[in-house]
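When the chains are written out, they are named A, B, C and D in that same order, and each has its own residue count from 1.
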Amino acid sequence: MKQLNIGLIGTGFMGRTHANAYRQVNTFFPHAIEPVCKVVCGRSVTTTRDFGARWGWQETTTDWRSLIARPDIDVVDICTPNDSHAEIAIAALEAGKMVMCEKPLAMNGGEAQRMVDAAARSGRPTMVSFNYRRVPAVALAKQLVDEGRLGRIFHYRARYLQDWTINPNLPQGGNTLWRLDADTAGSGVTGDLLAHAIDLALWLAGPMREVTAMTETFIRERHLQDDPATLKPVRIDDACAFLARFANGALGTFESTRYACGRKNHNTFEINGEKASIAFDLEDAHQLQFYQHSDDSLVRGFRTIGVWDGDHPYMKNWWVPGCAIGYEHTFIHQVADFLDGLEAGEKRVPDFADGLATQLVCDAVLESARTRMWQQAT
Amino acid sequence: MKQLNIGLIGTGFMGRTHANAYRQVNTFFPHAIEPVCKVVCGRSVTTTRDFGARWGWQETTTDWRSLIARPDIDVVDICTPNDSHAEIAIAALEAGKMVMCEKPLAMNGGEAQRMVDAAARSGRPTMVSFNYRRVPAVALAKQLVDEGRLGRIFHYRARYLQDWTINPNLPQGGNTLWRLDADTAGSGVTGDLLAHAIDLALWLAGPMREVTAMTETFIRERHLQDDPATLKPVRIDDACAFLARFANGALGTFESTRYACGRKNHNTFEINGEKASIAFDLEDAHQLQFYQHSDDSLVRGFRTIGVWDGDHPYMKNWWVPGCAIGYEHTFIHQVADFLDGLEAGEKRVPDFADGLATQLVCDAVLESARTRMWQQAT
Amino acid sequence: MKQLNIGLIGTGFMGRTHANAYRQVNTFFPHAIEPVCKVVCGRSVTTTRDFGARWGWQETTTDWRSLIARPDIDVVDICTPNDSHAEIAIAALEAGKMVMCEKPLAMNGGEAQRMVDAAARSGRPTMVSFNYRRVPAVALAKQLVDEGRLGRIFHYRARYLQDWTINPNLPQGGNTLWRLDADTAGSGVTGDLLAHAIDLALWLAGPMREVTAMTETFIRERHLQDDPATLKPVRIDDACAFLARFANGALGTFESTRYACGRKNHNTFEINGEKASIAFDLEDAHQLQFYQHSDDSLVRGFRTIGVWDGDHPYMKNWWVPGCAIGYEHTFIHQVADFLDGLEAGEKRVPDFADGLATQLVCDAVLESARTRMWQQAT
Amino acid sequence: MKQLNIGLIGTGFMGRTHANAYRQVNTFFPHAIEPVCKVVCGRSVTTTRDFGARWGWQETTTDWRSLIARPDIDVVDICTPNDSHAEIAIAALEAGKMVMCEKPLAMNGGEAQRMVDAAARSGRPTMVSFNYRRVPAVALAKQLVDEGRLGRIFHYRARYLQDWTINPNLPQGGNTLWRLDADTAGSGVTGDLLAHAIDLALWLAGPMREVTAMTETFIRERHLQDDPATLKPVRIDDACAFLARFANGALGTFESTRYACGRKNHNTFEINGEKASIAFDLEDAHQLQFYQHSDDSLVRGFRTIGVWDGDHPYMKNWWVPGCAIGYEHTFIHQVADFLDGLEAGEKRVPDFADGLATQLVCDAVLESARTRMWQQAT
């Protein structure tokens, strides 16, 4: 069995999900290539050691450059905050590594373009961790679209709503709240949540031509997590909504916020085609809604498909029909697909080019919110 | 236009729903026969006068025998408490009247049999007001069963849950709480709620062969509505559940209670056939759930059918697709079907014979609860 | 009892719903004032006669001016296509009539303003038929907002989706498809569907400051209903979406289409406040979703409120708890509220001023779609 | 770290779920005791070797007696078909092993009693794998009941519906279809599905006093999996339903089948108390429905609780709020609870005594179906 040595950078929430995926992938999706949890890198010595022990990594470090410099590392997996993605990824690619990178790919399109360029120069496989493509119900949606079951697409609507920042006493910045810090995160919900929605939209409905957007910061000042006495302006977007026109003529509506009281992980999309409609909600991730106009009119209605049968994407590798899988499985699927690509000698998406495409839409959205004008999205 | 003079006996909740139906039927379901709200009869002079004025009745009386004696009355509609159904209905039939009667048909099978006999002797049309047959979604279910879309039926399960008697301070008896008084109601939930469930089951899945049942009275003593100082034993069944075997080999499970906290009108059934399943819930009466095994397995799931299209039962006579109707419309459909039957010279169901069939099941259920033995259900 | 003579103009779908409301209102919502179905006016002699007979009107005419000229008419109710609202309403007001008018109030803001001016000059009560304010669940939402249960509002999102024009062979114009003809309808989904969504938004969340919008016409040519051989460009908006900023700082997203396969009457809104959220869907009009952050966190979740209890708006006048009402009841409530206003000597909303407010938002939306710029919404 | 050597017997579906649990438990639920995947035992040499390699077991064997004889094995985990549970468990207990055993505990109450006796003699910890107690939503239900939030319980209703044996061409017996063979399985849905429902009921609502039941075998003959030319009578129960009276006075209804077209893993229960109701469906395992009568009546309704917050049972050990877990996690929780018990020196339930209690209800149910009489359930 060929071994694939992983160097993981980042020990936060995403570090955990990726570490788990490497450990589990070949038990459920056997491959000739075996990922090896070689080195994990974090900022704190003790946190990184604990992480390494818990998740079974052979070595730990706090110096990502040394990790990249090691000749025995095959894949660099970047789970750091957004502001370091480009630097690490480009260095890793230049060192000849394959790169797995958390989303959003970069702080902006310029960074993302340089990452794509570095990937092109290196010729190494890359992947961006838009893990929701790997929810079986979402993969089924893609399959239905590709099979032409929807026909011409009229509408695509997506929203990604959460509520965890409503509390005005929640601080910003620091180790666990960097998503509220524009310097580290690049943007607020646009890069964090809408990037997911945009990636799925581009995958399912193709490129967007143009967008018009608005953003809002509801709580304008927050204390710093690392310096609780200090109150600072909040510079991220708390909420963002935009309208889009797709190249195929479809209309798109997108909205994201962290101020939707009661919505925890409400990542939804609905596609209306001339022949059928599809609807998905991450809060009921084991289901896909499907309406088919050609059904006998007497018994026509949205079907709630339990996406847990053996012929559904990814599911024959898990338990038996009727048994749901969970959130972390999307990351296992991601690694499985990445290994498939290596074995087949083919690229698997979303790669850095896809990450760039989403980044350009994000940039256009934020630019439109600033300029109050429609912006080109590519 | 031929006029059909109605004599309505009873001015309570059911009197209101029937009065409303006569007023509205021909606006939405035009017939050559026109029901005329001729005389309404109640126990209290003032209540009856108010009722008559409000619902547009030409005359009022407090003497149901005089109403039946009038030669100008064509239909006697019985909306009184259960203990007077048989006496009134038999008198009306002997006077040559058609009879519409609220459910349950009678206090027991013996009474119901005498009513059926009287109907047979008179040859006059009868109907029992099992109005839930006239919910469009339920009528659609019947159509799907009759078209053979389910194939062999394995299971029928029904429940009718409410919660309005949980409060131990609710009194019993009197004008508005006679449903808690066994002398007036005959039984508790069995005659009140299960009778509906049984009628639908017999209609949709055919006759039952035998049943085993249990009943319970959770609150054993209640004050009298008409004499609040007096505490009396409660003699009705607060809850009833039974197992059944249908003549076609299907298994049935039935349950009813007024102690299901949060369930207001949870009248549900599910039918599992070898080819398809159907599920209905009166709390979402505009919908029918339908699962069809022959669907492409990739997109198979329960369909939520909005039963509001023009090709759905009764719906072309109402508004436009997508517009729900409500509770009272079932009674309008009932009168429409009754008029259809008169015009066609054919009987329309459920008539007294159907009411007797349900009564015999109710009797068997109560007898089984008493004897703790399986009982024949016909 | 004081009689209120109604003159109804228009015998289509809306004419039917209004006629039904006048007939039923006092049975369920007793008033000292009694609406009398005096004269109905339509374009076709026979259709109007049939309508009058079916719905119980004393007289019929095909000349709306003569109807208005009658001194015995108290209320003129306008259920004609949109292009005649202004002319008829202004004439009626100048003749001293009260006016009930179907939505959208007018073809554009200019017309609507003249109607408001005429109403002001006459001092007569007016009402615009935004009937969805009278769905009990929507009225409950209004009550919860007014009680302050949501706190500061962050988000308002609405959509009104239907699918009845997907078929490219559906013709345009004529008697039943005038909603596809821009000359008669003024606009497509904006005036037909979004106007409802906008009216609810203004009522529930207050005025909007500005909007950015897009519209699309998916099927660009259709045959004429009245001349099937002729193919003509379609000039209405098939779909429209817009972003809005409310005066209170909330963000709004709105979308409407007749090309959402499987959506029949999907008129939804969701309001996210700092303390609670509310969600409504007209396809399940008997329910309101409610999430309250102050609930014990262990058992917190969206509540599905069955809006059919006696303490819910309008519901004590109907049947018993747990019994749903339907689409047409919203119009009965509308007339009941109008009569309440007359008896109280107070105005009831939405009146022409409210209709104008919605019209101005519609105009801004269409203008933004044309200019691709944000537009002021008032 | 103290090591706990596991000997797993059985390499089928349940063998996989248990093997997965031992591998993952300490990553998510750190303990001072570490389970070691020491020896796995199966009937086929090659299947067992493949299983061992895939799931990381140190050794493999096909002789369960030799596994039990090893002094280095601490825990024997029994995932074999039902007919070998008693023999293996008793031998393991007599060898001084702790025992984890799949459900149902035994073929009948007599066997189960001997297992309980052996456990008592050995004093070793035991556990029965009623894994659905470990669904977070079910554990939350238990917590709510124990906190007294429901008050007096009136009703408990459960069903466990599947549809995988509708096809009459499905064979019986053999390696993968032994659940259709009465000699191996003991019973059909009663031991397979109802045992789960009964275990939850006893846990949540306390002991049952008596039951009345019916069973049915819909497809009376099937070919043998191991000898496809041979058609043999089917001797298991395809479906089973029963009524129960609990010691606390509550009424219970239970139903299970493998012939409910469209129901894949429809394991549901609903509990109606005087103060609140709870409802659960395994097909939406991340949710619990909760209705609380004391809520403000205006906004009262069933709450859909997303059981994925940090204060919900088991959930703080997984990802972040809003991220669902899946089916296999229940087995990880089971092992975590077992380790907790070892560390605390306390028993954890359900142990063999609980397995016996469920077995006695199963026996009473089957006996009642045979005798058509109510049977004592303890």
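In the analysis below, a contact is a pair of C-beta atoms (placed from the backbone, for glycine too) under 8 Å apart; a residue touches a chain by one contact, two chains touch by 3 or more.
All of these numbers come straight from a predicted model, not from anything done at the bench.
Shared contact partners of chain A and chain B, listed by label: C, D. Counted by C-beta pairs in contact, the busier of B-C and B-D is B-D. Look at the CA centroids: the one farthest from the centroid of chain D belongs to C. Inter-chain centre distance (chain B to chain D, centres taken as mean C-alpha positions): 41 Å.
Computed centre separation for the pair chain B/chain C is 36 angstrom, with centres defined by C-alpha atoms. Residue numbers of chain D whose C-beta contacts span two or more other chains: 300-302, 306, 309. Put simply, chain C touches chain B in their complex at residues 13, 16-17, 20, 23, 27, 30, 54-56, 162, 164, 264-265, 283-286, 306, 308-309, 318-329. On chain C, the positions that touch chain A within their shared complex are 154-155, 157, 159, 161, 163, 166, 212-214, 216, 218, 239, 241-243, 245, 249, 251, 253, 255, 257, 259-263, 270, 272-277, 291, 293, 300-302, 372-374.
Residue ranges on chain D touching chain C, taken from their complex, read 140, 143-144, 149, 287, 290, 292, 295, 297-306, 309, 311-312.
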